[in-house]
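Heads up, the next two complexes both have subunit A, just with different partners, subunit B and then subunit C.
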Partner chain A sequence: MARTTNWVVLGLTLTFLIGPFIIIIFAGASAGESLAFPPAGLSLKWYAKVFTVESFRQSFMLSMFLAVFGTLAALLIGVPAAYALNRYKLPGDETIRTIVAAPIIVPGIIVGLALLRYLVVPLDFTVTMALFFAHTALVLPYAVRVVSSSLHNLRADMEEAAVLLGCSRLQAFTKVVLPNIRGGVLAAFILGFVTSFNQVPVSLFLSGPGVRTLPIDMLAYMEITYDPSVAALSALLAFMSLAIVFAAERLLGFSRYV
Partner chain B sequence: MSDAFVSLSDLTLSYGQTVAVPDLDLDIAEGELIALLGPSGCGKTTTMRAIAGLLTPTSGKIVIDGRDVTRTPANQRGIGLVFQSYALFPHLSAFENVAFGLRLKKLPEREIRAKTEAGLDTVGLAGFEKRKPAELSGGQQQRLALARSLVMEPKVLLLDEPLSNLDARLRLEMRTELQRVQKDTGVTMVFVTHDQSEALALADRIVLMKDGRIEQLGTPDELYARPATVFAADFMGFENIFSVNGMELVSETGRLPLGFEADCPKIAWRPAGVTVGEGPHSGKVVASSFAGDHREYVLETPLGQIKADAPIEIAEVPAGAVVSFDLPQSTSRALAA
Partner chain C sequence: MFLNNREGLALALPAAIFSLLLFLVPVAILLSEAFRSDTGWTLSGYTEFFSKPLNQVVFFRTLKLGVLVAGTAAVIGYAAAFCIVNLGPTARGRIFGLVVLPLMISPVARTYAWIVILGRTGIVNDTIVGLGLSDTPIRLLFTETAVFIGLLQLFLPLMIISLVSAMENIPRDVIPAARVLGANWIQVFIRVILPLTKEGLVIGGTLVFTGALTAYITPAILGGSKVLMLETLLYQRVNVSNDFVSASVIAMILIVMSFSANLLLKRIATARS
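And then the complex of A and B:
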């Protein structure tokens, strides 16, 4: 009895989690001209078309750029920040934690509007710059959080041992701390990458002529053209995310860190 | 002291506003094996961290090998520390753990290899080079941590509770190991312990600490036979401690005539120092247990409970029976308060 219930719950969960993904894959593989499920026949033409749409190509590059470099920048700030918060009793460290977490708590659309209002308009930031800052700030909390948890498991006396063996504090960090948290750092990178890449609300306000992130561009595309290429693109992006996570899992057991 | 190799003078160590060790003076000779002994929280680790340079003294001076190192950073003091938790590097193999410090010295690769292998050999870990710390047993990790410090040829080797994480059998093995290493290398060694038997067995001299102060300092013989204070006596197994008032022993529950003149505020006997079966006093046996070569009694007396060990030759007195006993002068130890 309980077993049956378990299977039903499992089945429903999988249906809701994976169902949409299946629908998207097939909707994109349609032979017809408009987005529909079930598709009107099967073909790969929309998957092929995705690669020919110039604006997709541009916005994909922008999203890639933001996801890679925004996350790297977030790690550059986040790893030392997490380290300092973990190892030293700083005055006002609770405040710092709260500020760092703010971009998760404040609705993205407000962050986007604020950046537009106070960076782009008065300070003459380019939209790309503003997007870069926005994505860095957005990913930062994840970087701090994930790196913190792997630092937390790393005992401070290991660094002291390294110092007594001749390391400077910085050497102790690079030779002992970093190698032992590299799994956490990579996990933070992947989490940040995916978060940034799929980010919509913050980027909504931050777009200009020819400068749009991919999800925003897809929204814009759909408003004009209701063909299955958006579904095909979505499916491709989902596969990309899966591949990244899968590779990370194979490389160092990603799921241990999230 | 001119022959002091390590000299701590007027050393005060604090954590923020809390003073953990006030005004410590201690001289250690070269090649000596010193035990810092005391209950948990008495400042043993703190003192050790200060010698290593991991904790900057609030005031006072640390001289090692004729050099004032009070302000010398930890990575330039040439002192080894084996952490209570071992603090091995989990991402490195046993070999690389030991080679870590040698690599920082930028020694030639051949020398690193030779020294590392010799170090692993010294602690009986030859053949384990490729293992990660997680793939070693507790005792092996301990010895790896020891080797990692030893290959650096430190001026002083500090060990924080080196035996406390090991089971009884390994503890005995490691004791012998430490003694051997110390004899072979002649390194000045300071080890921390809260176990008096460990300190007695290993150390050349014992520093008994209480609340950040040195309660008594001496050889194991001295401390064992002649503890000076109630605290020291208690630590060294003088379990029966009473106040002296003229010719009487006094406790909270009552008094008992003392058979001799004692000019001290407190006096103590080990259980083995109490005579059972004869003497001017009598007490009721509360508990009796067989302990191999002797029998341990707990006697109910006017002074409260007294612990007494009787030779096995004396017939067992059953619980509930009344037995005579004596607190002789010959086995007593006069104590300061």
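And then the complex of A and C:
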């Protein structure tokens, strides 16, 4: 009895959480012309159409670029920061921690507007550059946090031993620390990638002619057209995210880090 | 632990300076905009903002939806988390994975699904008309209910995750012990489960509440201009009328609300113990 109730509650919750996603997959596979569920016959024409829409292709490339290089940039400055915050007793380390974590707390739409108004307009930054900085700042807190937690689990005396045995500090880092936190860095990359790729509010104001991230482009597209291609694209993107996460889980037990 | 502070600072500063210059400073200037006028400092941006009925409606609607979504998520979250914790280890891992899974999917995709479900020719309306409950489709999209449902679906996983990790830390025999000693399920919940999981509730509650306050896509797609929330209002003020003072005021409200939610919930959590 208790067991049945258990599964009923879980079944309902999961239907609510995952059901809409399944509906999207089928709505995108419609043979008809408009968005509906159940679809008017099944076909893959809308899934195929997604690849022929020029603006989707452009915005996909931009989102990909931001997600990959924004996350790499965040790791480039985030890993040393995480290392310093874990291994050194810094004056003002709480302040540094707060500053680096701040982008999580401030709503994205405000960040986008602020960058547009004070970097792009007066300082002549291009929109792409502002987007790049915004996405880097957005991912930075995750990078620092995830890498910090794997540094936390690595004993500091291993590096001290390496230094005593003749490594320079840099060598101790690249030969001892980095191989040991590789999983954490990769997990941070994946988390950052997914966060950046799916991000909407930050990019809302940061768009210009030909410069639009994919989610923003989808929002604009669904305002004018009511066909199933956005559903098809949504489903494809969801599969992409899931494939990345599952691969990560298989390779390194991603969920340990998040 | 190394003691060479200069070296440590050199490693930490690039990230801090980046965040400060390209993030905190622009945001701070934006927030200050509502306080500045040609003659000096002023609060007129705020008084003007709150004197407009539309802004008041949007402010209270945002607050209301945030509280409702967080509250409902807590109720469903406790039920779901309790069931998940009661599962065997393998099933628990799988179900937990299914709960986390939606978080990896683009919010645009997840919100778009509700158009298919709640639209004029959506599943719900087809059923209602099909059953003869109404002759014409009912307007479900662009209502507060639609926004509520969308937000709940978006943020419920965060609450469940927080509560599951809190419940996993409850010692195994505490609940059976309370039952044996004569407590009914309501008493068990209020006097055993709630006090032992309040930290998880605070974390989950803050995440869901601030998430709902600062969501843009859900109110934009499911609410449109009929059901404005603070984020969509901000976008409209800037894009339609270049009104940066209102934008600055809304930005401040969103940040203050997120912070105070966090503080308030923390206060509640510590007051009980």
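One rule holds for everything that comes next: the second predicted complex is superposed on the first by the 258 of 258 C-alpha atoms of A that agree within 3 Å, B and C clash if a C-alpha of one lies under 4 Å from a C-alpha of the other, contacts with A are read in each partner's own complex, and residues count from 1 in each chain.
One rule holds in what follows: a contact is a pair of C-beta atoms (placed from the backbone, for glycine too) under 8 Å apart; a residue touches a chain by one contact, two chains touch by 3 or more.
On a predicted model such as this, the values are computed, not experimentally measured, just so you know.
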{"item": "Superposed partners subunit B and subunit C on subunit A - clash or fit", "value": "fit"}
{"item": "Of subunit C and subunit B, partner touching more subunit A residues", "value": "C"}
{"item": "Partner chain in contact with A:184 - subunit B first, subunit C second, else both or neither", "value": "neither"}
{"item": "Contacts of A:158 with subunit B and subunit C, given as first, second, both or neither", "value": "first"}
{"item": "Contacts of A:90 with subunit B and subunit C, given as first, second, both or neither", "value": "second"}
{"item": "Touched partner set for A:70, first subunit B, second subunit C, both or neither", "value": "neither"}
{"item": "Partner chain(s) touched by A:215 [first = subunit B, second = subunit C, both, neither]", "value": "second"}
{"item": "First (subunit B), second (subunit C), both or neither touched by A:105", "value": "second"}
{"item": "Overlay on chain A, subunit C to subunit B nearest C-alpha distance, Å", "value": "9"}
{"item": "Contact footprint of subunit B on subunit A as seen in their complex", "value": "155, 157-158, 160-168, 171, 175-176, 179-180"}
{"item": "Residue ranges of subunit A in contact with subunit C within the complex", "value": "5-7, 9-10, 13-14, 16-18, 20-21, 23-24, 27, 34-37, 77-78, 80-81, 83-85, 87-91, 93, 96, 99-100, 102-103, 105-111, 113-115, 117-119, 133-134, 136-137, 140, 144, 156, 169, 194, 197-198, 200-201, 204-205, 215, 218-219, 222, 230-231, 234-235, 237-238, 241-242, 245, 255"}
{"item": "Residues of subunit B that touch subunit A when the two form their complex", "value": "52-54, 74-75, 77, 79-81, 83, 85, 87-91, 100-101, 104-105, 148-149, 152"}
{"item": "Subunit C to subunit A touching residues, read off their complex", "value": "1-5, 7-9, 11-16, 18-20, 22-27, 29-30, 76, 79-80, 83-84, 86-87, 95, 97-102, 104-110, 112-117, 119, 121-123, 153, 156-157, 160, 213-214, 216-217, 220-221, 231, 234-235, 238, 244, 247, 251, 254-255, 258-259"}
